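Shared between the two complexes below is chain A, which pairs with chain B and chain C, respectively.
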Partner chain A sequence: MYKYNDFDTAFVTERNAQFRAQVERRIDGSLTEDEFKPLRLMNGLYLQLHAYMLRVAVPYGSLNSAQMNTLALLAEKWDKGYGHFTTRQNIQYNWPKLSDVPDMLDALAEVGMHAIQTSGNTIRNVTSDHFAGAAADELEDPRPVAELIRQWSTDHPEFQFMGRKFKIAVGAATKDRAVLKAHDLAVRIVKNDAGETGYQILVGGGLGRTPMIGKVINDFLPRADLLPYIESVVSVWNQIGRRDNKYKARIKITVHEHGIDDIRARVDARFALIRPTFTGADQDLLAEIKTHFVAPIFRSGGIETYDVAYKADPVFRAWADTNLAEHRHADHAIVTISIKKHGATPGDASAEQMRVMADLAAKFGYDELRISHEQNVILPHVHKSDLPAMHAQLKEHGLGTANIGLISDIIACPGMDYCALATARAIPVAEQIATRFDELKLEHDIGNLQIKISGCINACGHHHVAHIGILGLDRAGVENYQITLGGDATWSAAIGERAGPGFAYDEIVPAVERIVGTYLEIRDNADETFLETFRRVGMAPFKAALYPEAIKKVA
Partner chain B sequence: MTVIVTDTGFGPDTWTAGYGGDTALDLPSDTDPVQLVERLAAQVQMIRIAFPSFADGRGFTIARQLRLSGYKGHIRAYGHVIADQYAMARRSGFDDVEISEELAARQPEAQWLARANWQQNDYQARMRGGSPAAA
Partner chain C sequence: MARAFTPKVITANALLEGDVIYLTDDDQWSRELSKAELITDEAHAQLRLLDASAQVSEVVGAYLADAKAGPNGPEPTHFREEFRRTGPSNYAHGKQEAEANV
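This part shows the complex of A and B:
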């Protein structure tokens, strides 16, 4: 875990003092509302439908128990007792008072946290693989690089008033768990044929109203070139990216309009100027940052208690089958705690639940926690013999749901319940789908199936890359839900295909049921996932199930 | 009349040659810095870059590109720049900021002086072993 040094602490303290003054200067009229807006946004404060929302950064989703306990404190003391984990591995508080926000930021600073650049037209909080440091398939822990990027991007003087936001993700594993191809810029730590480690850089991915898959701009970048290269990309885009239309401002449109080769040439020219300003201090910093991320000393010991519980207890077994992932040490497991209890708001955790998870991390998990972009909480290192005891405690606090990767493990954006831009509700749709499939007792049989729901075309719920994507629109004042099928959020990324006309609010759950029913009927065998089946058979059978009347008319 | 903001606060404009001659350039925020640098004449001593809105941050990139390309003359940010952007402007290579009297009245000198410590708490300087981004 990264620990703030004197510089980081002094920086955040100064920044919080500046924000406190900005709030006062807004009140005394020194700053107009227009001027205050980007300043509060770059400090994480967003205006929602009913109130302000504070989005706190959890850099690359990594935190320790003290930090999680502080998140619980914020929920209890200044909000309504809960927080919402987001698809950018952050946490949002939906009901803070403007006058309390400076105190909330000071409380965060005490545990080395902040809300800087979680909103606004800035380089956003950098995300990464939520299994980083534990996964068996990673080349190295990507978090030191992510932390270096966090420091470089923080308060970067050139990039605080850009045309739009800019999102960066870092990955280092064979499997992509960070949705790399849907980012403005993605850094993939790779090895070349000569066995050297370097970076593959992708640009121009993104969701929103014009979904695009990121393109490779540099196939192998030497390690020391990373920051100057990223800086060159952002600098070129800050200059030539469109500012006439906010929906055409993201770098994906710049890349689309200019072509990747033109962008690459511009970046290379700028890189020639910027590279000499980096003389190695960044590499020393990276080496120092790496010392913060050394793996814990993993304890050894038998795993009989695990084996016994697995055989004897079907509830534990179901949970172990879905919520555990392979750790690089065979006697440990990566535990995903579901924040997707059936019928509850996906990603919402109460202060009490946060404390329970913090305690479990301190007791069983080498004091480490992660937030996933799928809005769950992860304990990356748990010895298998501790799992039965841990599971028992999770169950007691509504955290024992066994549904990771299953149909009820839904990503949903805040939608009409909170968001001022929403055109439809998203959370209640997620709750109803989860409840329905829980009643049907089918979800374990269905297997891996990702549903993602957005409450408007901005696509914060990632519906484009869902196996079943749901987009809530407004059709003449009535909610209407469009379905896309076959999206993929991993390295084989794909944008889902639209199935046809949308469905009314009360038709959407039955429509999902028809899709799933069709899949169960036509899959080759129980091992063929929904996505595999879709890729094999295409849209036709699902369309037939979704729109039986249309088929009749043709026949 | 406008007000010139430097690290020591508010002051009058001491650039008397205006922007009509060949020693000074007055540039809009959509200037392409690459083309600008290619054509930059040796006698230019003053480049003023417009901020039509404080939200238009392209000027920061232009100033920085000028510095990286070796321009040693004066660079001034002109227009709607707010006190909160003073440190960014200085770190990007601007020497000073030119604002209207109306803005200077709304955001008085003390609010700008509060950002005169732009050399402190600078992640970019750390990344580059001590020098600010544009140096």
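This part shows the complex of A and C:
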């Protein structure tokens, strides 16, 4: 884990003091809302439907137990006892009072956290693989590079007032768990034929109203060139990106309009200019950062308790089969804790649950936790012999749900229950789908199936890259839900295809049930996933199930 | 021809709490939509909105929201305003929580 040095601490302390004074000036009337709004957004404070919302950065989704305990403290002391983990690995508090926010930020600073650049037209919180540092399939831990980018982008003077926001993700594994291809810029740590590691750089991905898959702008970038190259990309876009239309301002549109070759040429020209200004301090810093991310000394020992529990306890076995992933040490496992109990709000954790997870991380998990973009919490390193005891405690606190990767492991944005931009609700749709498939006792049979729900076209709920995507819209004053099928959030990324006309609020769950029923009927065998079946048969059978009336008319 | 003016209420968020408030006919801010002034005249609506927007140290983002007359005062005509006057649907938080505590 990265630990703040004196500079970091002083920077955050000063920023918090500035914001405290700005809040005071807003409350005493010396700042208008128009003057205050950009200041609060720079510090992660939004005004939503029912209250303010504070978005706290969890850099690349990585935190320790002290930080998780502080997140619990904020939930309890200044909010309504819970927090909402987001698709950008952050946490949001839905009910803070304006006058309390400076105290919340000071509490966060004590454990090296803040809310800077979680909003506004800046480079946002850098995201990464939530299995970073633990996955069996990774080349190296991607977090030092993510931390380097975080430090470089924080308060970067050239990039504080851009045409639009800019999101960067970093990955280093064979499997993409960080939705790299849906980011403005993605850094993938790779190895070339000569055995050297470097970076593959993608640009122009993004979801929202114009979804685009990221394109490779540089196939192999030498390690020392990373920051000047990223700076060149952001700089080129900051110059030529469109500022006349907010909806065409993201780099995906710039890449689309100019073409990737033109952008590459401009980036190369810019790079030639600024590369000499990077004289190696960044590489020294990276070397220093790496010392913070040395893997823990993994304990050894037998795993008999795990084997016994796995054989004897079917509840433990079901959880182990869905919620554990392969660790690079065979006697350890990566544990994904589902914060998506059937019928509960996806991504919400109570203060008590946060403390339980913090305690488990301290006791069994080398003091490390991760937040996933899929809105779950991960303990990246747990010795297998500790899993039965850990599972027993998780169950006691509503954290033992065995549904990772299954139909009830739904991504949902806050939607119109909280968000001022939303056009329809997302949370209750997720709750109802999860409840329904739990009643049907089908989800383990259905297997891997990702449903992602967004409450507006901005696509915070990643619906475009869902196997079954749901987009909530306002159609003539009524909530209406569009379905897309066949999206993919991994390295084989794909934008889902629209199935047809939307469904009313009370029709959307039965519609999902018809899609899943069709899949179960036509899959080749139980091992063929929903996505594989969709890719084999296409939209037609699902369309027939969704719109039987239309078929009748044609006939 | 200009569209006919439909009845409105003036709504905003409170500066400190951020919660939803409505302008009453005696120039107070109420947490309840039913206590709001239902404005049926367009010119009057614009004047009231100017007055409301000027209260920069009390309210944020005042606007005119469509509403209709009901037996107990104004009621929303769009689901967004229905959620604003009630609170989220996943927890009994916000206004529904305040009501439960009365």
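Assume the second predicted complex is superposed on the first by the 548 of 555 C-alpha atoms of A that agree within 3 Å, B and C clash if a C-alpha of one lies under 4 Å from a C-alpha of the other, contacts with A are read in each partner's own complex, and residues count from 1 in each chain.
Heads up, the rule we're going with is that contacts are C-beta pairs under 8 Å (C-beta built on N, C-alpha and C of every residue); 3 or more make two chains touch, one makes a residue touch a chain.
Model, not experiment: these values are computed from the prediction.
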Joint occupancy of chain A by chain B and chain C, clash or fit: fit
Chain B versus chain C as contact partner of A:G29, first or second or both or neither: both
Which of chain B and chain C A:V478 touches, first, second, both or neither: second
Which of chain B and chain C A:A269 touches, first, second, both or neither: first
Contacts of A:P38 with chain B and chain C, given as first, second, both or neither: first
First (chain B), second (chain C), both or neither touched by A:P428: second
Which partner reaches more residues of chain A (counting touched residues only), chain B or chain C: B
Partner chain(s) touched by A:N192 [first = chain B, second = chain C, both, neither]: neither
Which of chain B and chain C A:L227 touches, first, second, both or neither: first
First (chain B), second (chain C), both or neither touched by A:D417: second
Which of chain B and chain C A:K80 touches, first, second, both or neither: second
Lowest C-alpha to C-alpha distance for chain C against chain B (Å): 16
Set intersection of chain A contacts, chain C complex versus chain B complex: 29
Touching residues (chain side chain A, partner chain C) in the complex: 26-29, 32-33, 47-52, 80, 94-99, 345, 416-418, 425, 427-428, 431, 474, 477-479
Contact footprint of chain A on chain C as seen in their complex: 13, 15-20, 56-57, 60-61, 77-80, 83-84, 87-91, 93-95
Parts of chain B lying in touch with chain A, wherever the complex brings them together: 32-34, 54-58, 60-62, 64-65, 68-69, 82-85, 87-92, 106-108, 111, 114, 120-124, 126-133, 135
Residues of chain A defined as touching chain B within the complex: 7, 10-11, 14-15, 18, 21-22, 25, 29-31, 35, 38-39, 121, 151-152, 154-162, 227, 235, 238-240, 243, 266, 269-270, 273-274, 277-282, 285
